Amino acid sequence: MKNRFLANLLLTFIWVALTGGFTFANILFGFILSYFLLFVITRGASKARYFKLVPKLISFFFYFLYQLIKANVQVAWEVGTPKYHMTPGIVGVPLDVTSDGQITMLANMITLTPGTLSLDVSEDKKVLYVYSMYITNKEDFIRDIKNGFEKRILEISS
Amino acid sequence: MMTDTIIGIIATLGTLFVLLAGVGILRMPDTYLRMAVTTKAATLGIGLILVAAAVYFNDLSTTTRVLAVIIFILLTAPVGAHLIGKASYITGVKMWEKTLMDDLEGKYRKTGKNISSPRNMDHHRDEL
Amino acid sequence: MKTIILRTASNYMLPLLLIFSVFILLRGHYLPGGGFVGGLIASIAFVLHAFANGLGDTRKLLHFHPGFLMPTGLALSFLSGVSPLIFTGEPFMTGLWYPEHLPIVGNLGSALFFDIGVYLVVQGVTLTIIFTISEST
Amino acid sequence: MTLDNYLYYIILPVLSLSILLVFLRFFRGPSISDRVIAVDLLVTIGIGIIAIYSILTHQPTFLDIALILALIGFLATVAYSYYIQKRKNR
Amino acid sequence: MMPQLVIYPLIVQMLLAIVLMFVWSKISWQRTISIVGSILNLGIAVWLFSSVWQHGSHTVQAGNWQPPFGITFVADTFAATMVLLTAIAGVAVSSFSAGSVIPARLKFGFFPIFHFLLLGLNGAFLTGDIFNLYVWFEIIIITSFVLLTIGGEKAQLEGAVKYFTLNILASIIFLTAIAVLYGLTGSLNMADLAAKVAAVENRTLVQVNALLFLVGFGIKSAVFPLYFWLPASYHTPPSAVSAIFGGLLTKVGVYALMRVFTLIFDVDPFLENVLLAVAVLTLFSGAVGAIVQKNIRKIFSYLVICHIGYMIAGLGMMTEIAIAGAVFYLIHDITVKTNLFMMSGVIYKIKANHNIKKLGDFYADYPKMSLLFAIPLFSLVGIPPLSGFWPKLSLISAGWTTENYMVIGGIIFASFVTLFVIVKLWGEVFWKTGEKLPETRNFPYFKKLTKMKKTQMMAPIIFLSIVSLYLGFGAENIQALSERIAFELMDNQEYINAVLRK
Amino acid sequence: MEILLAIIIGTLYASGIYMILRRSLVKLIIGIILLGNGANLLIFLLGRIAKGAPPIIPEDSKVFLDAYSDPLPQALILTAIVISFGLQSFAIVLVKRAHKVVKTDDLDEMNATDEYS
Amino acid sequence: MLTAILSGFVFSIFLVFAGKFLKGKLAVLSALVPLALFVYFLSFLPQVAAGEVIRQEIAWVPSLGLDLNFSLDGLSLLFSLLITGIGFLVFAYTAEYLKNHDYLDRFYGYLGMFMGAMLGLVLSDNLLSMFIFWELTSISSFFLIGFNNTSEASRKSAVLALAITGSGGFLLLAGALLLGNVAGSYDISEMVGLSSNIISSDYYIWIVILLFGAAFTKSAQFPFHFWLPGAMKAPTPVSTYLHSATMVKAGIYLLLRFTPVLGGEDIWNTTLITVGGITMFYAAVHTLFRTDLKGVLAYSTISVLGLLVFLIGLGTQYALTAAAVYIVVHALYKATLFLITGIIDHETGTRDVTRLSGLRKVMMPVAVAGLLAALSSAGMPPFVGFIGKDLVYESTLEMGNWAVFLTVLAIATNILVLYAGFVAGIKPFTGPLPNDFKKVHLPGILMWIPPVILALLGIIVGIFPGIINDSIIAPVVNAVGMEGSAVHLKLWHGFNLVLGLSAITLATGILLYAVFKPSAKKERGIARLDFIAPLTLITNFGHGFKAFSNWWTRIFQNGFLRNYVSTIILFLVVLVGYSLFADQNEIPIDLSSFSRMTYYEMIIMGIMFLAILFVVGARSRLTAVVAMGVVGYAICLMFVIYSAPDLAMTQFSIDTLTVILFVLVLSSLPKYLSISDYRMKAVDGILSISFGVLITFIALEVLGEPVNKEVSDFYAENAYVLAKGKNVVNVILVDFRGVDTLMEISVLTIAAIGVFSLLKLRLRRDDRELKD
């Protein structure tokens, strides 16, 4: 119930932003429209909670940005220099995150940072298989992920 | 003039990342490496270029649209990479000879006509 | 394709794409877009959902057969074309306009209903074709 | 150097060069996955080119096209990977 | 006089198509709606025709935009006549379909598509806008693809691939021609184009443009050497479909050729020679093809091609009397070909076979039906005073006055071969003692059908035969009509004035 | 610029026909799509092209203030593109069915309907 | 007169619905129709004899110059009386001949139709309406010849007869239209006055050739005669009525009718004399070798028809009078002989002359009729045949240098005709009666009375030639443009050369009959010459033509789609290429008007170009599809650059959807087919490239033309003001040209329905179309 309401508000906001018209009529229309769309598509209950999120989200965002730039520089160096320095491989990372949303978020974050790529999630959702350009030590790699993205995702989504 | 400079800088950065992706996809020795290098570099680069455009036009509706594009790219690019990566792996696209390890090896089992995810479970959807 | 990642992503993308499609539809008279592209985007949203979740889920989501959208949309476009003939005696396809200026939509006229008809037909067509094909393979 | 000139003589050529590089990969393949990745990247760079072009022509309208490209270019990738897997299954 | 009347035939067909889609799987509703709607449409077509006959051309500007900016619909005598013929064939085939098309096909949209086809035909006849004509053509070809393949039999699909490819090719050439035309004039309204094309200084380009139209429409009209799709496909769908195809589809191409080459382009000597050469070779090729066929529907298919030659010849000679002949032939051909394909459908329902070598006994078993079938058959041959005879008078006469002896030769040759082929067919199918054909279990044989179904199949044949007889015995009226059409086509100023309201 | 575009259009037409002339069903469809693109671009080109001037009236004006590209060919092409899409989808499915029923991809083996005697 | 003509047709149509009633005993009632007509026409005799021409004009299709203008002059009256008079006898005869036949009603229907058509033919003054009736006689003849439609021979003969007379009909049509164009009228009576104009026209030769074609085929002249022996497959009443007395004389009628219009020229006379002469002799010789009674009669009929053409060719007053008389003569005796043959066939079951003899013992009246007819045909005085033959000799003797040759030819022919008459009229009745004919008896009175009447008429007219002279023959001769009073018919001219020739003819003929017996062996003997017979030649030509048709059809309709496409493209390239390059030495391309090339445009175009080549060269389907995607995306970018945002959006969405469709379908298709035939690839490549180059040149040349932006400017100016929209493209789509869009979405809908039914509809086995 609450979730639906939130999602509804969110969509209304997106609508208003997209159309750029902050008038009452536009907001009302956006609300009705998104209400209708949610009615069309929602099945079952969704689980996200919204209110404690904001500060964590901001911190998460900057962490992600940092990772992104760091890795991009690394890749730039790799691509820009004539010799290859890669030590690629596929690593199965055991997961603590459980929900689909969390897993997806984690996987996407990993993919978005250059040099790594989420290939697949095991059927029982316990292992995330990650391809990485630089694997010196499997355990280090796993730990980096678990302490980095996974921890933060757990924070913002619990 | 000030804005122009900002735009110039952001656009330059973005373009450099795009170029990086371009060089990367050409240079990297195997499919997975190409993917690992390019998808993200391009995403960052395009994001920056779009920001430059948003700054240039400097009005709410353009900015929201630019934000929408960026969000979309952030959402779809990794999913796309994941899909192609998985597909490549399943179809046996060769990995670079210097690849160190492969935890996925042997994890995909053929079950009838479908290849399922690793550690195949039994329930089965009607797929598109 | 059975992947949690795609499935989850598609669940987020579906409403976004749909709302975007309506946006594109409504502003078509003023900026690039319109019923056609709007309809395509909406149907692409459902196709994406079907790719990720399987056709059965998408069908359940839709409540009705997409083919039904075709006569509905056609009827809407057709009626908005015929209405001048019926109401004002002017030729087929003559634009009828509501005198007041409305938010978002701008001027409300038969052209909008026409475009909505296009929007529905395009969705009906695309989904019918794609669903039918994927059911038969 | 004005912004327009900078974009026209520096940025756009670099983006065009990137497109060429990607296209070269598309040409070379060798696997279908490589080609799909290349096309995906072509679309992405296309978004960038459109953004720059919209600045150059002072037409924010073109950004809407970029939006569409971002939205549905993805679906082609989904479709290709779907096919690649499915073909394997045959 | 009511100018809005012009688009009523379009509105009715569109409405029918939409309503029929809403009652998608209710077959008996579909049958009823289609027949009743077709009769209604016939009424409107008669109304339109008589109004045009009395008051002259009607025009409507869609969207109320003055020409040449909006899309214009024009009912001059030619268009109104074609709409009337479409309505006549439409009623007939609607009823015939209700009786003969199997429920499985009806459940998959046969009737909505059928009415979309009629919509497309009406639109193509009535539009006064060249790009809009393209759109109507697309409606026609997509409906014909669907009708051709509905049921998905092997032969249907093989034929459809060829039909499809070549018709798409025609559309693309048509589109190319429109591109050139637009590039030269910046206009799409056909009346407006008449003046603008005349003002183009580069006549070479105008000629090239005309040739592109010629080839594009030529494929659709199935003239030599562009007809290949027709014999490959017309015999494969249900007879009701063949009937509407054989009657009307190629004729739209002919209509478009006549329209474009009288209104927009002048026929210069080079074009005239091309048209005449094409006409003669079409007469020849179609005739020669009909001789060697054994499948009754293939015979008719080749005759469809052959007889297109008459109309093209009329167009090529470009005199008023020649055009009148072509128009008369068009009127005759639509009626009789529709009827013949329906006839072949009845024959098939009776014997479950199309091969004239295996068929037989009709005269002995169904004497009255045979006499009925003799009417379209001998009308086709042009046994005087049946309908096919009259236009030949104008055509041959024009051949003499324009000194086109090859054309006269072609017409006589084609007439002779048609006579020979039909007479042979008569001997094989009606006179001969046929083979004892194996009874196919569960085939919906004619004798097993309900009286209702039989009526639905026979009534349209009787109806069209009566129309054919009228065309023959009331030839004076048809000739007067054809001459009026020819006059209007040759003197296009009236059309232009009607559209541009000068 | 027009000259390059004209060459591209010619290439599209040529390659479209060439692909149709191959014997494969799939190539046939690709050929048709290429031809369709060629025709659309031809309308576009012959309607005369202009850079950076979309036919959209500025927000604060009721008419165009600057140059604008010809909107009519664009509308025509849009219609043509959509129609081609309808035809292509049907064609793709037709080919699929034809392949399944006739059991060949070779167009040369699809000539039963032209046989007689 | 219209009523008279229509009565035949009305009678036929009546039979369609009421045929059942007129079967059996009542059948004879149908003879009342021709009888009434006969009496009706007889009533005009005095008027016509007085030189009056009775006219009736009914407008039918005046805009085509086709009206039902009838005129009754001597010539028409003669034919009308023959048609109705012999018609009456044949109708009556048929009632007995086909008693209890299942399809008697149909038979009468055809006969009635034929009678009406034939009357129409001879009464029409309008050439086009005459043509109509001409064709109708051919058609009714077709149905009558094919009356025994289950017999293949009957069907073949019917088709053959129609093919020959029908093709002649088309020649008549062409000729009639030409004549009408030259004369400015289709009324024959008007043409007579315009004769000199017509003859001096450039088209005269064409007119004559076309009309001859019609007449020769209809009247079975060499080399088109062969359909007539075949037509003997028809029941005997038909042979009697159509193929000896009336229809075959339509060609003669035509020639006579046009003698005053077209006659008198060398080409006219020479051709007719030659063709008639050959025909009469050739056919007469053939009678010697026939054993089938009807065969004998058929050839002798052809011979007489040849003689008539010959006489018309001579064109003198004598000759034309002779022709008129001979028409009467021949009608009377030949009809008799045919009817007799029918009786013999009906009663004995055979027509084989070699088997028939002694029948006088069982059917005396018939034998008498046969004898009378034979003597008349022999030209024995005092029969009417004698008068006819006399006139023939009189006219040949007039012919100056050619007199001897022509007379000898005429004599030889007459001898053979005499022989034929004797074989048919006398031979079956003389000699002993074979055992198997013992039980043969006289048929019903309806069958034997008609020949007796005809035979008696022959002798009556012969004895009192005055009966027909003033009332019929003279008006006929008048009608064909001669003064008829000069020649008086009489039996006795005194002892002169002509009488001598008659005597020679009779003597030689009887001798021949006594010496030369028909036999199967002789028939087989002449059959050895069949390979040069016109029938064989025509048949071979027919086979050859069919083989050619097969070849031609297979060449073009060869089943290979790629050939169809190449043919069409080749046609287009040649036509358009010729038109583009023939008139102008160089293509006027104005490069200066083109916009500047920029590097990014070049790069996009370059990529697009390469991608297209890549599509063409791709080895795998998916690669091709992906490359197609690249082409599409490049087009999309191009649309962006050239200011078409809506197009770019649509192109991109549709390309993506197309890719999805492909991907969904491709997996169920087999591997990419690639057949490496380099020669074929090269040929296709050249064709494709020429096509592409042509399009490029056209495009560039068009770009050099001035631009007219009237329409687009209107859209631009009014999009917001009147249509309340700022995206002009969209305004065009939903308003200015909304109809296009409505139809465009209809196309989509139809395509979707098509896809749906194509994939979902599976016919049950029983619903399938069966293989032929």
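A, B, C, D, E, F and G label the chains in the order they appear, each numbered from 1.
We adopt the following convention: a contact is a pair of C-beta atoms (placed from the backbone, for glycine too) under 8 Å apart; a residue touches a chain by one contact, two chains touch by 3 or more.
According to UniProt, the chain labels map to these proteins: A = Multisubunit sodium/proton antiporter, MrpE subunit; B = Multisubunit sodium/proton antiporter, MrpG subunit; C = Multisubunit sodium/proton antiporter, MrpB subunit; D = Multisubunit sodium/proton antiporter, MrpF subunit; E = Multisubunit sodium/proton antiporter, MrpD subunit; F = Multisubunit sodium/proton antiporter, MrpC subunit; G = Multisubunit sodium/proton antiporter, MrpA subunit.
In this text the structure is predicted, and so the values were computed from the model without any measurement.
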Neighbouring chains common to chain A and chain B, by label: C
E-G or B-C, whichever has more C-beta pairs in contact: E-G
Chain whose Cα centroid lies nearest the overall Cα centroid: E
Reference chain C; chain at largest CA-centroid distance: G
Most distant chain from chain D by Cα centroid: G
Euclidean distance of C-alpha centroids - chain A vs chain E, Å: 62
For chain C paired with chain E, centre-to-centre distance based on mean C-alpha positions, whole Å: 36
Centroid distance [mean C-alpha coordinates] between chain C and chain A, Å: 30
Chain B and chain G, separation of their C-alpha mean positions in angstrom: 78
Residue list for chain A, restricted to those that touch at least two other chains: 14, 18-19, 107-108, 118, 120-121, 123
Contacts with 2+ other chains: residues of chain C: 1-3, 5-6, 9, 16, 20, 30-33, 36-37, 40-41, 44, 47, 51, 67, 70-71, 74, 78, 92-93, 95, 125, 129, 132-134
Residues within chain E bordering two or more other chains: 14, 17, 21, 62-63, 71, 131, 135, 138, 142, 145-146, 149, 152-153, 155, 161-162, 165, 169, 176, 180, 183, 188, 231-232, 236, 292, 294-295
Pairs of chains in contact (touch as defined earlier), listed by label: A-B, A-C, B-C, B-D, C-D, C-E, C-F, C-G, D-F, D-G, E-F, E-G, F-G
Residue ranges of chain B touching chain D (in the complex, touch as defined): 4, 7-8, 11-12, 14-16, 18-19, 21-23, 25-26, 31, 34-35, 38-39, 42-43, 45-46, 49-50, 52-53, 56-57, 59, 62, 65-66, 68-69, 72-73, 76-77, 79-80, 83-84, 86-88, 90-93, 113-115, 128
Residue ranges of chain D in contact with chain B within the complex: 2-3, 6-7, 10-11, 14-15, 17-22, 24-25, 31, 33-34, 36-38, 40-41, 44-45, 47-48, 51-52, 54-55, 60, 63-64, 66-67, 70-71, 73-74, 77-78, 80-82, 84-85, 87-90
Of chain C, residues touching chain F in the complex: 30-32, 36, 125, 129, 132-133
Residues of chain F that touch chain D when the two form their complex: 51-54, 56
In the complex with chain D, residue positions of chain C that touch it: 1, 6, 17, 20, 31-33, 37, 40-41, 44, 47-48, 51-52
